[in-house]
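Common to both upcoming complexes is subunit A, partnered first by subunit B, then by subunit C.
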Partner chain A sequence: MTETTATTELREPPHLSDATPGRAQLGRVGDFLLRSILPLVLAVGTGSIVLVAIGVDPIQYYKDVYSGGVQFAAWQDSLMRVAPLLLIAVGLIVAFRAGIWNLGMDGQFLLAAAVISGIGSRFEEHLPNTINLVVLFLIAGAVAAAWTIVPAVLKARYELNEIITTLMMTFIGINLAQILVKGPFQDPSTTTPQTRALDFSALLPSIPGTESSTRRWPGVHVGVVVALIAAFVVWFLLSRTSLGLRLQVLGASTRSARHMGLDVPRLIIVTFLLSGMFVGFAAATEILGVKGYQRADWDPAFGLSVVPLVFLARLHPIGVIPYVVLLSLASIGGDYAAQNAGLTPKFTLLLVGLTLIYMALTEWIARRAELGGSYFPGASYRRQRASGTG
Partner chain B sequence: MTTGSPTKPAIDGSEHPAVELVQITKEFPGVLANDRISLSVRRGEVLCLLGENGAGKSTLMNILSGMLRPDGGEVKLDGRGVDIDSPKHAIRLGIGMVYQHTSLVPQLTVLENLMLGESGMRLNAADAEARLRELGGSLGLDVDPRATTGTLALGQQQQLEIIKALWRGSKVLILDEPTSMLTPKGVEELEQILARLKGQGLAVVFITHKLHEAISMSDRVAILSQGRLVGAIEPDELRSATHDELQERIVALMFGRHASQPAVAELAAEAEWGRSRRVLDTEPALELEGVTVEPGMGEIGAREVSLVVLEGEIMGIAGVDGNGQRELAEAIAGQRSLAAGDVRLFGHSIARFKVAQREKLGLRYVTDDRIHEGTIGSLSVALNMVLKRIGKRPFWERGRIRYAAILSRARELIGRFQIRTPTPETRVATLSGGNVQKVVLARELSFDPKVVVYSKPTYGLDVMTTRSVRQTIHQQAREGVTSIVISTDLEELLDLCDRIAVISRGRIVGVVENGPSAQQRVGELMVGGKAA
Partner chain C sequence: MTSVLAATDVFSEQALTALVAGAILAGVPLMFAALGELVSQRAGVLNIGLEGMMLMGAYAGFVAAYHGGTEWLGYGAGLLAGAGVSLLMVLFCVRWGLDQIVTGIAITLTCEGATGLIFEAEFAESRPTLGAADKVAVPVLSDLPVVGGKGESNGSIFTQPLIVYIGLGLAVVVAWVLRRTHMGLNVRAAGDAPGALDAAGVSVFATRSWAVLFAGAMAGLGGACLAIVSTGLFQDTIVGGRGFIAIVLAMLARGRPLWAILGAMLFGASLSIADWAQVAQINISTDLIFMLPFLLVLVVLVLFGRRAYLPAALALPYERGSR
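Moving on, here comes the complex of A and B:
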């Protein structure tokens, strides 16, 4: 290593040390507590008030979330849920860092899932299992990436707002996935609209040592490892490579990117494809690791619940991991806790929604009080220049 | 009521002036926009505020109209001190403002636009129509209340803006560059309206940078330059002097030389000129031939610009801001495509080359927007210095970043350009404007620059940095670098350039050899006077 220790700040992704010149500076720790912890605490607190109001003991509820997410063999489910959530998070981070708001992840996810659960069972007879899995992963990545091409080209060529186009493509994608499942991929042996289930042996293998004595399920599938590797790869990409810096320049300002001589349209398309690819991988881990088949009405909407997490983690691919683990726990344990309390399992989504609202409030108040920093990398640097003289 | 009756037009000097600004000071980060400016306007008088862009005219009027609050000084209306804390408050006090850019909603009708500011639950269209007839009649205007605003001619829209500003019974009317969008006929109509307003006892402030308008349309002229009131022409003088005499005097005031000591200034300019002048007997470095750029939103574009810049020459481009300078600079840098024409670098066409290719050939562009375009505030000084070389050796190898190379490069540039930054890893956003500009210069002047376009290189910088930036430009030129300096600051161009081209409405309207009379001639070309 020739790099000196003095290079720490340069090597840090810039948003991590996001203190900006302002009147009342918040240090790194203060900023972290304010933006990355406080909204969660407030959401849990407000959730408790809601629980009390509908006659549920909040302490018992959160205890149930814990035991439902961790105890017995539930930790396996929680860990396995990390895989798709983290891969989606990573896919979103790539796009958001480049200032591209790919919000079509749920459509990309379902479509990729439908394609591999539909063709997976046809593949398994011909290929050795490992190759089969790799091919299906790549197909899932390719399908989801392909689903971003229309918004990507529309933005790159005509500067059309990708928030609108990706959301529209998500609706089309969800419906197309249903049509595929009910049509060409329908399992002929049942009337339920679903694909043929993959053979148990054709699923992702388990990580050794993750078997549980209380369950017949083999263990936590290796998709979780894939997701963790993806997080590190993206971190490396963003902080160490020329493409990563190009994406960050694009994310900071399209004008700057053009000024620096970057090929903005190409970067936009590359970003979209990368983002879609990771979302496709997420679908692959869920289908090949957990479900094995797809029902037409299945739509976990993982993407939307991940969005607040990536902002809480300030778009950091490693930093988002604890939040993803937390959400996995809350969603697996939340189902159990809600059942025990006689509530709908959607109660977890209420907590996610509350977190988002508190994040928005935090951002607004911090801006009013000029505390510096922002959930959006680079955003706080844009307001510095006084608006015009003369 | 202790003050005078507002209905009586009081033009006599014994009354308090309608508006009095006392020692108004306003500072923006790095710029003193208004420096202890004192002015007054009487009823029935048209005061013209004349000055270049950035002279502080709009800031001063934004203070009067409640958009900005002064850092120091006092505003008095009819002799009473007031603290105008919002545009609403200004309207209540009877101050109406017509902005340079339209504030009308094009989809709404004339009447709807006028009623937009009304409070209360129900809009009373009949009352509004009566008010429109009354105001229109008093100004000699006939506006169809049901017309869709967007379909009106620009002149009519402006008349509507004036009516809107007078809607609540204004006593003071401010017009910000009102003629910038108008045809000659529109200007004539505006003159008639101003005459009527005067007759009704309104105090009118008229902001412009056009000399002849100031002379023909106003009763008194106040001249601002770099935030200070540098002179005024009183009504007696305006009436007695000839147009040419006035023009000469105003140009002298505007561009910094006082008329009473022309000989001294002339000598100083001569000496300065002798020092900076270099004999240019070289080949063309950059040739623009019929360069035309389509305007974007709110832009002028560039029209058939032809210009030859010789090797080692410093060519200035003077003009009022927003006359196509940025479009032209971006077309040279390759950030915009040409609608027509050609750009040649040392005889070879580069019109099809992209930004990165032009950069590699030694064509550099120091943008005027160093905060939003020239740098990425969230990245370090060191990274900002290599942003135009992303992925290239020695800073990247096989796509992987080499921080050691970037840092040693940065340390060298920080020393050479005397950039004040705690470390090379400090984020650019935390630096002062002058140091940010030095970071941009360091990047653009690295790796063998050959032709450099500087856009407003010292805009908003303090005196010391301004001097050092100008020295850098000089130094580069001495080393044979060809430079194009775009600036709204004529003194800067006179200080730096061998020749000065004047741009107006996207066209080059003249090229002047720098020399003792250049100031006068460029000034005349700039304010749209007779071409020298």
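Moving on, here comes the complex of A and C:
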């Protein structure tokens, strides 16, 4: 590798410099259509075939998804679902950009949710509402971030594979959340294992103008705005600050990062903490904005279904927003459509999985046709490590 | 006085037998899946799709056993279904060198969606269950107290469905093959130094493909066991993270099958202790017992982190001639 290529790689994010020849061949629009739209279309197409096979009219089903996700104030639910999904996506983007597989998001999410739904009802008596909400948000972020410390330190110090450790922390976290909900945070007034519900006035306020006449629900909570701000902050952080550049370098090649004199262990820990923090915020929006309490058996398992979106957006925190909106619509509307068609809401999950499979297929075709670009910026780094001493 | 009576009840032969039987019932599906994952990991392919393969195996196994009327048809179907799903992994990750983690997550999500959907469409009203699987009592040994289990509803170590013994035997065979045969050496080389294996004239792609197929088949069989032996029914939450637990167990076993069995049984035991404590009305949180094995492992990892071992080329696609 010559001096010049090394410097261009440093100046540009590695996955973008990978993509340069492809952009020239395919053009921006073609590239977008191929990578960001085609997998979705193929997944919906395959999903329709599956629906026909089990005797459901796909057109009616997708119509129901639309009406169940948008009409009759359902758009409120869909918009509110955007908040946790987007925050989790942002948390994953931070980690994935640095080449770190934080797969423990469900444990981080539930534990943070359990802690704030447990202590929230005790706090609300003592603090003014706004401060209370901010404090609870920060606590949720801190709890989820703390839950990544063990995998972070094990990876930073012993280069222990973070997939295994984050998965283990997820199991422990989910069980610990249940212990907390059934134990110290149990609502004394009921035998159902659940926390005391927060006072209605102690929940996140709604955005003015989002009230709906067809429903008593006050409106879309401000957690959505928080999530959007978070996406912009992370975009700025990743593309306009030195920390962002350092994360890119780490994600592209640990060896390069070391050669540049970066403090790799510290960088790994910072990445993990940031990633966990956003997952914690996601939990806060769901508890403080929608649920108000937590039942022991509640586990929305948002984590894995966000992964495809993050890659479809090629790890871009703002680019992921439309996909998150789409998934929110599909999951809220999917519940309704599935009920209408006498199915389980699992169909949405099937669509998400199929999208990911078609993305992999697209990736392969693009590679074969030498169109350049990649969903997986980490790929070049892994190839390097295969041949290196690493 | 009452507490003493309760304590003797809990440690009665019957209660202890139920404990052992429960551990095996919960441990065997995990054992199959972990065994498969272990071989796949040794060959350098991190199979995150294990959860999905187990689900597919559980579904296929259940349906085949239900319609075919025999558990063996179920095991066969589970095996084939798991292997079938892993073909996707072979194609994407081994042949085309795409990202293993992303493909694995795709497989898990798709299978979760597909099995839930198809099962609901087929059995929404009936929700059938299977009868108990036939048990084989080992002569002489099955008469022993606690571990014998003759005449107990769930058996014990020496009274179990044949598939349990087959699984244990298989683990020993896999351990021997990995360690002592040429084939095992090839598998290990595919994970540790694929370039060297290629240079020696053995196809890395073929070796890894077979390892991934084996992992899929084992995960499918584990899923079928879960549906046929452990629960006798199918529901969309039947696997409930066991695939991921098996991945962790395989990684913690550091490439040694017998450790994977031990881990699976330990985990099975903790699930069983939770039931046992509930029956015995010992006031201990089941959630605490579920998380204990992992907590233990994590403490060990933190203390002895340096000793963790994974194949050098794990999760790295092999590309001929690349440097």
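Here, the second predicted complex is superposed on the first by the 353 of 390 C-alpha atoms of A that agree within 3 Å, B and C clash if a C-alpha of one lies under 4 Å from a C-alpha of the other, contacts with A are read in each partner's own complex, and residues count from 1 in each chain.
What we mean here is this: a contact is a pair of C-beta atoms (placed from the backbone, for glycine too) under 8 Å apart; a residue touches a chain by one contact, two chains touch by 3 or more.
Bear in mind the structure is a predicted one, so any value in this text is a computation, not a measurement.
Participant: Give one of first, second, both or neither to describe whether A:259 is in contact with subunit B, with subunit C, with both, or with none.
Facilitator: A:259 contacts subunit B only, not subunit C.
Participant: For A:55, decide between first (touching subunit B), second (touching subunit C), both and neither.
Facilitator: second
Participant: Once the structures are superposed on A, label A:350 by its partner contacts, choosing first (subunit B), second (subunit C), both or neither.
Facilitator: second
Participant: Using the superposition on chain A described above, determine whether A:72 touches subunit B (first), subunit C (second), both, or neither.
Facilitator: After superposition on chain A, A:72 lies in contact with neither partner.
Participant: So, does A:249 touch the first partner subunit B, the second partner subunit C, both, or neither?
Facilitator: first
Participant: Look at A:240 in the shared chain and tell me whether it touches subunit B only, subunit C only, both, or neither; answer first, second, both or neither.
Facilitator: first
Participant: Output check: A:360 vs subunit B and subunit C. Expected answer is one of first, second, both, neither. What do you get?
Facilitator: So A:360 only meets subunit C here.
Participant: Going by the contact rule stated at the top, is it subunit B or subunit C that touches a larger number of residues on subunit A?
Facilitator: C
Participant: Both subunit B and subunit C contact which residues of subunit A?
Facilitator: Touching subunit B and subunit C on subunit A: residues 378, 382, 385-386.
Participant: Considering only the defined contacts, which subunit C positions touch subunit A in the complex?
Facilitator: Contact set of subunit C toward subunit A: 46, 48, 88, 92, 96, 98-99, 101-103, 105-118, 120-121, 124, 194-195, 236, 241, 244-245, 247-248, 251-252, 285, 287-288, 290-291, 294-295, 297-298, 301-302, 305-306, 308, 310, 313-319, 322-323.
Participant: State the interface residues of subunit A toward subunit B in the complex, per the touch definition above.
Facilitator: 2-4, 6-11, 14-15, 18, 20-21, 240-243, 245-246, 248-249, 252-253, 255-256, 258-263, 377-378, 381-382, 384-386, 388-390
Participant: Can you list the subunit A residues touching subunit C in their complex?
Facilitator: Checking each residue of subunit A against subunit C gives 50, 54-56, 101, 150, 153-154, 157-158, 160-161, 163-165, 167-172, 175-176, 178-179, 182-183, 304-305, 307-308, 311, 342-344, 346-354, 356-357, 359-361, 363-364, 367, 375-376, 378-379, 382-383, 385-387.
Participant: Enumerate the contact residues on subunit B facing subunit A in the complex.
Facilitator: 28-29, 31, 33, 53-59, 321, 333-335, 354-356, 359, 365, 367, 369, 371-380, 382-383, 387-388, 390-391, 396, 399-401, 403-404, 406-407, 423-427, 429-430, 460
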